[in-house]
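Have a look at these structures, which come just after this line.
First subunit A sits with subunit B, and in the next complex the same chain sits with subunit C.
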Partner chain A sequence: MAATLRDVTTYDLKLAAPLAAGFVLFFVTPLVILLALSFQTDPQGGHYGLSQYVNFLGDRFSLGVLGSTLWLGVKVTALTLLLGYPVAWLHQRSPGWARGVIMLFVLLPLLTSVVVRTFAWVVILGRQGIVNASLSWLGLIDTPLKLLYTEGGVVVALAQVQMPLMVLPIITALSRIDPNLADASSVLGAGHWRTFRKVILPLSLPGIVAGCLLTYAAAITAFITQSLIGGGQMLFMPMYIYQQASTLQNWPFAAAISIVFLVAVLVVVSIFNALGRLSRGYANA
Partner chain B sequence: MVSASRNGPASQRGQTLLLDGITQRYGTSLAVNEVTLDIRGGELVALLGPSGCGKTTLLRIIAGFLAQTKGHVMIGGQSVDGLPPNRRSVGIVFQNYALFPHMTVAENVAYGLDARGVDRATQRSEAQRMLDMVKLGHLGERTPRQLSGGQQQRVALARALAVNPSILLLDEPFAALDKNLRLDMQIEVKRIQRLSGITTILVTHDQEEALSMADRVAVLSQGRLEQFSPPTEIYDAPDSLFVNTFVGSANLLGGVLVDCDRTAGRVRLDAGGMVETRAPKGDLRPGARVTVCLRPEHLSVDPAATDVDTLNGVVEMGLPLGATVVHEIRIGDGSAVKVSEPRIQRAELLAPGTPVRLAPVAPRLASVFAAA
Partner chain C sequence: MLLTRRNLMQTALTLGAMHAFPGLTWAQARPLVFATFTGSWEEAHRAVLVPAFRKAAGDANIVLDPMLSVDQIAKVNAAKSNPPIDVMLHDPGPALQAIAQDLVEPYPVDKSAYYKDLIPAAQEAMGPAPFFQVVGLTYNPETIKTPPTSWADLWKPEYKGRVGITNMNSTLGTGFMVELAKMHGGSESNIDPAFKAIEALRPSLAAVAANPGQLATLFQQGQIDISPGNFNAIQILKARGVPVEFVAPKEGAIAFKTTIHIVKNSPNKELAFKLIEAALSPEVQATLMEEPYLIVPTNTKVAMKGEIAKALAKDHAEIAKNFVFQDWGKINEQRAAWIERFNREIRV
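Coming up: the complex of A and B.
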C-alpha cells in the first residue's frame, strides 16, 4: 500500500530541475560575473574597489540618465493606466462577441515584433508621418510638428506597446468583482461615478498594481523603442549601458551602472509589490 | 432629510407597490408574462415558484436594474418606470448578501447614508442604531469576511434598511443558511419587518418559507402568476393543479365529474369510490374527465372495511414520522397514494399487504381540476 504512494514533493522538484539548471547557468552566473566585474577599478582589470560606483553616483550626467529613465517609466505607466483602464472596463461590460474583439485588439501588439511596431510609430510620428500629414491636411498646422525624437513620442509609443501588460491584469481583477456589488451600490443611492470610485476602483486595485508593475518594468528597459523613437538626443539607461559596454569598451563601468539600475528597479518593484500586498489585503479583507 | 422621514409617521414606511401587467422578454423567450400584483403598504408578500419561473427577473424590474418590456411599476401610487435604481427608494438583500468586502461592517451599513450626503456623525450613529437592531452592535469594526453567514445577512438587512426605503426586496435570502440558522433568521426578518412596517417582497422557491412568513403568497409558474392569496388559501383552496402540487404534497387521482354546483362537486374515481370535493375550478360540466387532488392528511386508512364501491388498496409501506404516521397504499389503478395520519389516532403501523379502504377525513377537502 505504502509503496504505491509517491512522494509528490520530490517528484515536483525533479520536474523543475531543468528549469532550475537553466536559471542558474544563464541568469545567476552572469549576474555574479556582472557584480564581480563592477568592482574592477579599471577596464584592464586587476584592482578591485568601489570606484566605478563612486564615479557613477558622483556624476550628474549619469544620475540624470538614471533619473530620466525612472521618470520615463512613471510617465509611460501613468499614460498606459489612463488609457488601459477604460479598455479593461469596456471589456468587462461588453457582451461576449465584443469581448473577443476587444481582447484581439489588446493582444495584437504582442503578435507583432517590437521592431516592426516601433518602426510603425516612426512612420506615424515622422515629419512626413501620418499625424503631421493629417493635421496639415486639416489646415490645423503650417509646419510639421516635431513628434519623433521627443520624449512625448517615446512615452506614447511605449504606452501602446506595453498596453496588454496593463489591460490584462485589470481585466482579471474586474472579472473577479461580484456584479451584485455594483447593483447593491446603486440601490443604496449611489450614481455611476460614486459606485466606480467607492466600489469598483478599490476592488480592482490588485489588478492596477500588477499592471503598473509589469508596464513599468517593461517601459524602462525597452531598449529598441527608447532608442528608435527617442533618437540620438535622448539617453536612457539601457542605451547608456550599451554605449559604455559596446562602444567605449568600459565593461566595469557598464557593469556598475547595470547594478545600480537593477537596484533602482528592484526598489521600485518592491514598492509596487508592497502596494500590491496592501491592496490585496484591502480587497479581500 | 433621511432622519426627518424616519421620525415621520409610520405610513411613510408602508408604501403600496403595484405591478401592472409586467412582461419581460429575453430575445424570444418570455421570462415574465403579464404579471399583475397589487401589494398593500406594510405587507410581506412572497414570490414563490420553481427555479427559472421569473422571480429574480421580477425583483430586478422592481429595483430598476432591468427595464421591463411591458407594464408599469408604481411605488406609493407613483410610477417609477423611468427612474434608475439609485432614485427608486428600494432596499435589496441579495442572495449572496453582496456586502462590500473592502469596507467594515459599519461602513457597509453607512454606505447608503453617505451616498445621500448625510453628515459623518449622523452616519455613524444611524449605522450603530441599525446594527443594534439586528443585534450586531458590537461587530461594527469587523470586515464582512470575519462574520458568519447569518451575521452577514443581518448586516445586509441593516444596510438595506438604513436608508429607510419604501420597499424591501429579499432574493432567496435564507437559501444559503443551514436549517437551524434559517429558522432563526426567518423569525428575525419577520420581527424586523413588523417593527419597521416596511412593504416587503420575499423571493423564494421554498414553499414552507413562503407559507410561514408571508401575508400573501404569489405563486409563479413559467413567468405567469398562478395565484395570489393568503397562505392558508393557497394551501387549502389552490386555484390550479400547479399550485396544488407545488405547494404541499398531493395525491392526484383520475375520475369523472358526476355533478357539481357553486359550493361542491362529486367525482367518481377511476380507482373506485366517490369523493365529495370543493367546487371545481374553471368551466367543468358533469361528465368531464377531472383530476382530483387529495393531500395526504385529507385521507384516512381503514383496514377493517373494504367494499366494491370504495377506494380500496393494499399497504405497501408504513413510516413513523414523529407526530404522524405515513402509509403508502397501492390502489386499484396501480398508482401509489400517500396517507398521513396523526400518531394519536394510529399508534400501530399497518403491515405491508394489508387490504385497506381509503376515505377522506371530511367532505369537500379535495380540489378538482380539468384532467391534464
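Coming up: the complex of A and C.
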C-alpha cells in the first residue's frame, strides 16, 4: 500500500525547465560568446590568442582599477554592516507598530530609482549641499569641503543606496532566533554585551553573510552611483568596461576585462560562501 | 470550444509571446526607426522634426530610439544585414567610424531638394549635417564678473579650484583637448601640448566630469564656476534659472557637425530619405533655431536670428569665420590612445 502513495515532498524537475531554458538562452549563451570574444587579438577579429588578458594582467594601471574596485566593495560592505546591523536589531526589539515603521523606512529606498537616490546624494554632498551648508553655519569650516567626486563620497552614497540589501537578510536571521535563548543566557549570568557576542551575533551570522554578499556584489557593479558621485577621474571596473566597449569600440579587450572582473568577483563570492558555511556550522554547534 | 486547461495555457502562452516579442505581429512593415540623441535633442526632434516628417510622408509611422552615437554603431554592427535602426545621428568622430565600418548609405544628393542650399561644411555625401553643436566657455556670472574672452583664461589664478572639464570620452572633451593642443603648437595629430597644458591646469580643477551632462549638474550645485561647454546645454540650464552664461572665445568656438545618415540595408530607405530631407528643410531648421531649442541652422536659406545671432554668428559667412572645425579623420586615428592616456595621467 505504501508503495502506491505519491511522494508529495519532491517535485518533478521538469517544472524548472522553462526557467532553465531561458537561463541557457539568455545568460549562458551570451557568456560563452563573451568568452570567445575575449580571445580575439584585435577588434577586427581573425586571430585568437591570450593577448587581451596579457595586456590587462601585465598593466599596473588596469590592475589598479580592478584592485580599487574590489577594495571599494569591501569598504562599502563594512560600512553598510556597521550601520545596518543596529537597524535590524532595533527592528527585532521593537513593538509591533514600530516594526512596521522601521520596515517602511528600510524598504522606502527600494521604491525609488537608484538614479533618484544618487542625485539626492549629489545635492547632499555638493559645495552648497546640506553637509557643507550646515558645517559652515556652525562655523566649523570657512571654505566648503570637497565631498562630491571623492572616494569617501562614493562609499557613503553606495552604503545608503544598498542598505536594504544588508538589513533585510539580517532581520530574517534575527527573527529566527528563539527569544528564550537570550533569556536563558541572562539567567545563566551573562550581561547584555556577552549575550549579544556569544548568542545573538553567532546565530545571526548566516544573515550577515548573505547581506554582505548582496551588498558587495551590488556595490562593485553600481555603474550609476560610481560615475555620478565619483566623477570622471575615479575609474572603476564598470566604467572601464563601458569605456572600452562603447567609446573605444574595443570589444575584445572589454570582453577580456569583463571576464577578469567576473572571475575576481567569483573568488570574493566563494570566500563569502565559505564563511557562510563555517558560520552555519558555528550556529548549529 | 471547450475551456480546457490546455486551451487556456495555449492562449496565455501565445498572448505572452506576442507581448514579449512584438515583432511577431508586425510581420514586414515596421515603422521608421530614428536613433536621435537623448535629452534636449530628443525633445526638439519629437516636437519639431517628427511632425514635419509625418506631414511630408503621409503620416508614416516613426519611432524615436534615442541613444549615444557609439551605442548606435554597436547596435547596427551587431545586426548588419537587418539593422534595428534606419536613420543614425552622429557626432563627427563616430560618423567617420560608421562610414569606415560600411554601416551607412551614401546620401542620394541628386534627389535632394535642400542639399545644395547647405553651407559647404555641411555638405557631406555620406550623410549631410542638419545641425551644429557649438562649444565655447561657460561661466557663472554671479561669481565671475568680467566675462572670460579666451580659452587661456581657464588658467587664471583667480579661478583656482573652480574650473571643470570633462574627460576625453565625449566629443566635447576630445575637441577641447585638440583645441588646447593647437593653441600650444600641437595639432590633430599631436596632442602632447594639450596634456602639458592640462597638467598646468591641475591646481585649478574642481572636477573632471564623466560626461558633458555632468557639467550641468556641477554648475547647478555650485561645484564649478567656469568650464568648456556646449551652447545648447547652457541655454537649457539658463531657461531653468541657473546662473550661467556662454561666451565664444576669441580663438573661435569649436563647431561639431552633427550628421544624419541612412543605415545600410535599412528596409525603410525611402522614409529615411524623407526624414533627412525634413531635417534639412528651412522650415524645420528655422523653428529649431528659436527658443527653447536654439540649434544652429546649416541651411543658408535660414537667416540667423535671436540668441544665436547675438552670441554666435550673425550670418552664415560668420560661421565659416568664427567657428573652428577640426579634422576628425586625423583625430580618430589616435583617439583611443589619447583616452587611455587621459585615464592614466589626469587624476585630481
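One rule holds in what follows: the second predicted complex is superposed on the first by the 270 of 285 C-alpha atoms of A that agree within 3 Å, B and C clash if a C-alpha of one lies under 4 Å from a C-alpha of the other, contacts with A are read in each partner's own complex, and residues count from 1 in each chain.
Rule of thumb we're sticking to: a contact is a pair of C-beta atoms (placed from the backbone, for glycine too) under 8 Å apart; a residue touches a chain by one contact, two chains touch by 3 or more.
Remember, it's a predicted structure, so these values are computed and weren't measured experimentally.
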Partner chain(s) touched by A:Val199 [first = subunit B, second = subunit C, both, neither]: first
Contacts of A:Ser113 with subunit B and subunit C, given as first, second, both or neither: neither
Subunit B versus subunit C as contact partner of A:Ser185, first or second or both or neither: first
First (subunit B), second (subunit C), both or neither touched by A:Gly231: second
Partner chain(s) touched by A:Arg127 [first = subunit B, second = subunit C, both, neither]: second
Footprint of subunit C on subunit A - complex, ascending: 61, 122-123, 126-129, 146, 148-149, 227-228, 230-233, 235, 239, 243, 245-250
Contacting residues of subunit B [partner subunit A, same complex]: 63-65, 84-88, 90-92, 94, 96, 98-102, 111-112, 115-116, 143, 145, 159-160, 163
Residues of subunit C defined as touching subunit A within the complex: 68, 70-71, 73-74, 97, 166-167, 169, 206-211, 214, 217, 221-223, 335-336, 339, 343-344, 346-348
Touching residues (chain side subunit A, partner subunit B) in the complex: 178, 180-181, 183-191, 194, 198-199, 202-203, 282-285
